[in-house]
Amino acid sequence: MFAKSKLSTPALACLIVIILVLNTFPVAAQDIVSADTGTVFIPAPPTGVTAVDFKYDRGERVEISWTLSADDNERGQVSGYNILRAGGESDDFVPAGTVAAGIGSYTDKDVESGTTYRYLVEAIHAGGTVPSAVSAAVIPDVELINWNLANLFIIALLIGGAVIYFISHAKRGKKLFVRKIAGLEAVDEAIGRATEMGRPILFIPGINDMDDVQTIAGITLLSRVAKVVADYDIKINMPVARSLVMTTARETIREAYIGAGRPDAYSDDMVRYITDEQFGYVAAVDGIMVREKPATCFYLGAFFAESLILAETGNSIGAIQIAGTAMPAQLPFFVAACDYTLIGEELFAASAYLSNEPRQLGSLKGQDVGKFIAMIAIAVGVVAATVAGAWGGTFFIRLSDIMHRLFTIRN
Amino acid sequence: MNGSRRLSLIILAAVLVVFVVSWILHTTGFQGDGAGTWLSVRDGFLVTLAAFLTLAIFSFLYKDNPYYKFAEHLFVGVSAAYWMCVGFWSTFVGNFIPRVSHTLSDFFQVPYKGFNVFYFVPLILGIMLLLRLSSKVGWISRWALAFIVGTTAGLNLIRYLRTDFITQVSNTFVPLLVDWKGIGPFFSDLSLSASGQFMLTLSNWVIFIGVFSGLIYFFFSKEHKGLFGTASRVGIWVLMITFGASFGYTVMGRVSLLVGRLTFLFQDWLGLIN
Amino acid sequence: MNNLGLIISALVIGLGLLWLLIRSLKGKEVERRVIFLFIGLSVSVPLLFNITFSEKATPIVRAVFDKIESLPPGSKVLISFDYGPSMAPEVEPMSDIILRHCMIKNHRVYLMGLWATGQSLSASAVDKIIKAEFPDKINGLDYVNIGYKAGNQGVLNVIITDFRKMYATDVDGVDLDSLPIFDGIKSLKDMNLLVSVGGGFPGIKEWVLFAADPGHIPLAGGCAAVSAPLLYPYYPRQILGLLGGIKGAAEYESALMKKYPELTDMPIPGIRMMGPQTLAHMVIMAFIVIGNLSFFFAGRKKQP
Amino acid sequence: MKRQIPIIITFIVGTVLILSVFFPPFERLGEDFSIYFDIIAVFAFFLGGGNLIRIHGDKIFKRRKDWGFSLVTILGFFIMLAAGLLKLWNPGGIAADVAATGSLFQLMYDWIFNPLGATMYALLAFYVASASYRAFRAKNVEATILLVAAFVILLGRTPLGMYVTGWIPESFSILQIPNMAIWIMTSPNLAGQRAIMIGIALGVVSMSLRLILGVERTYLGVDNE
């Protein structure tokens, strides 16, 4: 203790002197290149260059790190570092990249797996460069499995496994309880109203393409609606914003009509493509609404700003409106302006709920297991964070750490 | 019937007069800055057209009318073609051509990136889709749809799990007691700043209980009764706060858009403000 | 003039609302067209009389400002224009002011867009800000516009590993490899800061999901007010800061003006737009009050 | 058999894409498939565009109601298509960006597409007002909570909130309405958003698995067994 302070006092004094000196003289006084003599200040080279294979990739990255040059400071005597690479047996070092001063690592993404590489790092200064020693050889490798994602895999397996388990469990004929979802109870009533009034049903599957699960969820609901529509011969009107959605929706409705034994009643005109443009589409749908006055409007899929334009126009013509989306930003508008709204997860559960098949209902039970896992994890994480933060304790600190690691994706 | 027809003709005439007058005024107005006559005639027309289309859309607020219909139909045609052209140039020419044909790459003057046989997968699937137009082999378009649905399902499963599930869960690992310094300081600083422990702690409690009860609301396979029912009711309340708050927060953005359009009308068209 | 306008508009709108209030006390509902009329008035009147307020930056906006302010000159900042013209009035002031700030700080700026419509908007930002206000900046060295590629989040999926797999050239058709600004830049991971300005899909959320999160790259955002609450959960861990709606832009403009007082001629669209906002908000709140009064009054009438 | 093959395709594609994430040699599959999807979507434009032309062409030839407006659509469509595909008036010729300044494509975008889109979007300012007038009424507990939350946020977004509560001392500044608005946005609102997002993620997982396993196949027009 004593020895330490004995040493550190002079060190501290030196430091203070250095700082004072540095501050007294303007920066210009210690020019990097002195104009009078033409001599160039040469900074110390970077040291300790190491190159290691980047873990869990296709063997296309090498991570290089080094200790900064001793002269790498705010005076800018080192302006950056060049990273050079030599492949195979050759000593021919070629530039691999450049980083700014103060940075001691670089990831080389221009390598091929299986080749041997060596690296060196040059400090760049006003008069040229100063090279470091050459690093040990490294061979970038293809890893077959990304162990960084092990936690994602475990969680996917837990939740996916639960869903699959309950789907197959249900196959054996066990009926599962599912709570009522108001918006879905109202579907029959809404379709019935269109029958009574002799007016069409408007079905909007959102404005995203088939690469959005919400659109697919909307289409699966369409198949339920289309069955009733085909049975009771109600007019369905489905303007869409994507060509692929049009193709899919036609397939769905046509099959519903074939199923109802009336393939002749089906017409491709039930589904029509408008335009890919969000507001062009909305302009047209608004027009359709005020001119054809549908009795019932379904908005099931991915929606953006147009949600409220549609819902308010639908409201002005007195239609019953059932909406459902997993776009959290649009839910408030649907909740405010529609009669029933399927909130987020309910949209995905809807087709299973309406199908009333044991296997589909089983998947809902699987979802609930997922929620249960989330709740347990949150409870454990919160308790661990609270206790570790307030009172410490090795166990809780470690538990908190484990929970964070389990729920953090490194890659 | 006849009266309303006459009225609409009068309106049409008035609209035409305003349009032409605006065109003429803007044309003379643009001549000052040295642009060619043709350009100023063109720009005068374009500004007037844009103003007309803007007002035509706004007129829908009153009721449906022929001017809105015109604007709507024009918009549908132009925008459908717009996205097709963009898709053609950026995806088809930009991404597809450079991977399949050197000749075509040269023709469209895009850098050839080397032949890649896998790019025939979307080509074949695309053709399968087009076969939908034939009634005999139309069923084959389902293969393409099946491919698309499989892709969507596979990609989204992991993505949503990764960010919307795992990250949101770990973000909720909040301590329920923040930086305890004693009862006095705890209650004396009720601010949102980092020193206000009360609010920090309260916020974390609200987040914890809110997320928990919100999740309970979404439970499907358990009846919402008793304690579980109470929790689910709290969950609905939290969701209602969320919806109300998001709605209120959005108003500002929506008004901005209106400001943008009115600025165009007042400034670029009428020149009332600058 | 300003005060006169304010008084007249307040008087007209106030009296109108009072009349509606009295009607609603008799249990009469307000027709939607009347509401539309009031909104139209409350926005256009302040616009014509030009009323402005100064703003103080909230921490979430301050974080973005400080990040750009503290990055060393020459840092690589990528700004993505993820919006269309319809959203532009709200978010364009953000991309403008952030671009201007980067230019002042001598950062290297890479412009791109996940929206097809973003390409022309980024091009116009180059003309309007860089070429007009910073004429000595060189295209290809100090800034570059690589434009739009179709594919939504797919684009990010690709450029997080390799720019050149998606972008062969910049918007002018110049090969990326011949641009000095792309020396040593392979992917998004080589950027010091990503900025996504936009609000729909694809937007900031996709940048979090497919770029910032997997690549551990700092990300700042500017978005329409509607998407801001949705993005709050990502702050501050996954997004370092966020400009939410025109108020966010106004706050940023005020912060920049305070830091660089010499920028007197700088356009301040955000600050200017706050005038109509205030009046419109008050009118909407008045209608909520009127709606509830008429609801209670009509409800009480029916009871006995 | 015709009905089995699509389900097998979905199963294989979905499973492979899920697994590819965990195996570095295949980690690029996801991005490749995203590109494939976009290319397929371009092919689908033929179907969509064809449908558009057919519907409006039919109206025009049969002189149905409003056929004149259909003519507007068709004209707009073909002029824009020609402008874009042939790069008409494009100063840079075929190699230039399709939306280069001065091209007919960009001109139509700036003066037709843009004003129309922006104005449609701006209609929301009016609809937000009419929806809040109608929906924010204290009918029951839930509606009252919705109303109060919205009202506080609205107040907090205007200087009015500061005028009313600005006198509250700094140590109780949470009671100032703008701060309260921020707090609602960052705490209860955040909690609700999170619950919704976690729920959605689970919904997507379950939905995706139903699709991949072929339990849900109605989208193909195939009945579940």
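Chains here go by letter, A, B, C and D, matching the order in which they are written, and residues are numbered from 1 within each.
As a working rule, a residue touches a chain if its C-beta (ideal position, glycine included) is under 8 Å from a C-beta of that chain, and two chains touch if they have at least 3 such contacts.
No experiment lies behind these values; they were computed from the predicted model shown.
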Requested in this report: Would you kindly say which chain has the C-alpha centre located farthest from the C-alpha centre of chain B?
Outcome: A
Query raised in the report: If you tally contacts for every chain pair, which pair is highest?
Result: B-D
Requested in this report: Between chain A and chain C, tell me the centre distance in angstrom, where each centre is the average of that chain's C-alpha atoms.
Outcome: 22
Report task. State, to the nearest whole Å, the distance from the C-alpha centre of chain C to the C-alpha centre of chain D. Result -> 18
Query raised in the report: Of all the residues in chain B, which ones touch at least 2 other chains?
Result: 57, 60-61, 69, 71-72, 75-80, 82-84, 86-87, 90-91, 95, 109, 129, 132, 142, 145, 148-149, 151-153, 155-158, 160-162, 165, 167-169, 171-172, 208, 211, 215, 218, 239, 242-247, 249-252, 254-255, 257-258, 260-261
Report task. Would you pick out the residues of chain D that each touch at least 2 other chains? Result -> 18, 21, 28, 30, 34-35, 37-38, 40-41, 44-49, 52, 95, 109-110, 113-114, 116-118, 120-121, 123-126, 128, 130, 132, 134, 136, 146-147, 150-151, 154, 157, 182, 185-186, 189-190, 193-194, 196-200, 202, 204-205, 207-209, 211, 219-221
**Report entry** Junction residues of chain C, two or more chains touched
**Finding:** 32, 36, 39, 43, 86-89, 150-152, 161, 173, 213, 226, 228-230, 233, 247, 277, 280-281, 284
Query raised in the report: What graph shape do the protein chains here make by touch: line, ring, star, complete or other?
Result: complete
**Report entry** In the complex with chain D, residue positions of chain C that touch it
**Finding:** 30, 32, 35-36, 38-40, 43, 53, 58, 84-89, 119-120, 123, 147, 150-154, 157-158, 161, 171-173, 228-230, 232-233, 247, 277-278, 280-285, 287-288, 290-292, 295-296
**Report entry** Touching residues on chain B, where the partner in the complex is chain D
**Finding:** 46-47, 49-51, 53-54, 57-58, 60-61, 69-92, 95-96, 108-109, 118-119, 121-123, 125-127, 129-130, 132-133, 139, 142-158, 160-161, 164-165, 168-169, 171-172, 188-193, 196, 199, 202-203, 206-211, 213-215, 217-218, 235-252, 254-255, 257-258, 260-261, 264
Report summary line: In the complex, the residues of chain B that touch chain A are 57, 60, 63-64, 68-69, 71-72, 75-80, 82-84, 129, 132, 141-142, 145, 148-149, 151-153, 155-158, 160-162, 165-167, 169-170, 172-180, 208, 211-212, 215-216, 218-224, 239, 242-244, 246-247, 250
**Report entry** Residues of chain C defined as touching chain B within the complex
**Finding:** 33, 36, 39, 43-44, 47-48, 50, 86-90, 116, 148-151, 166, 168-169, 173, 175, 199, 208-209, 213, 224-226, 228-230, 233, 237-238, 244-247, 273, 276-277, 280-281, 284
**Report entry** List of chain D residues in touch with chain A within their complex
**Finding:** 18, 21-25, 27-28, 34, 37, 40-41, 44-49, 51-52, 55, 113, 116-117, 120-121, 123-124, 127-128, 130-132, 134-136, 146, 193, 196-200, 202-211, 213, 215-216, 218-224
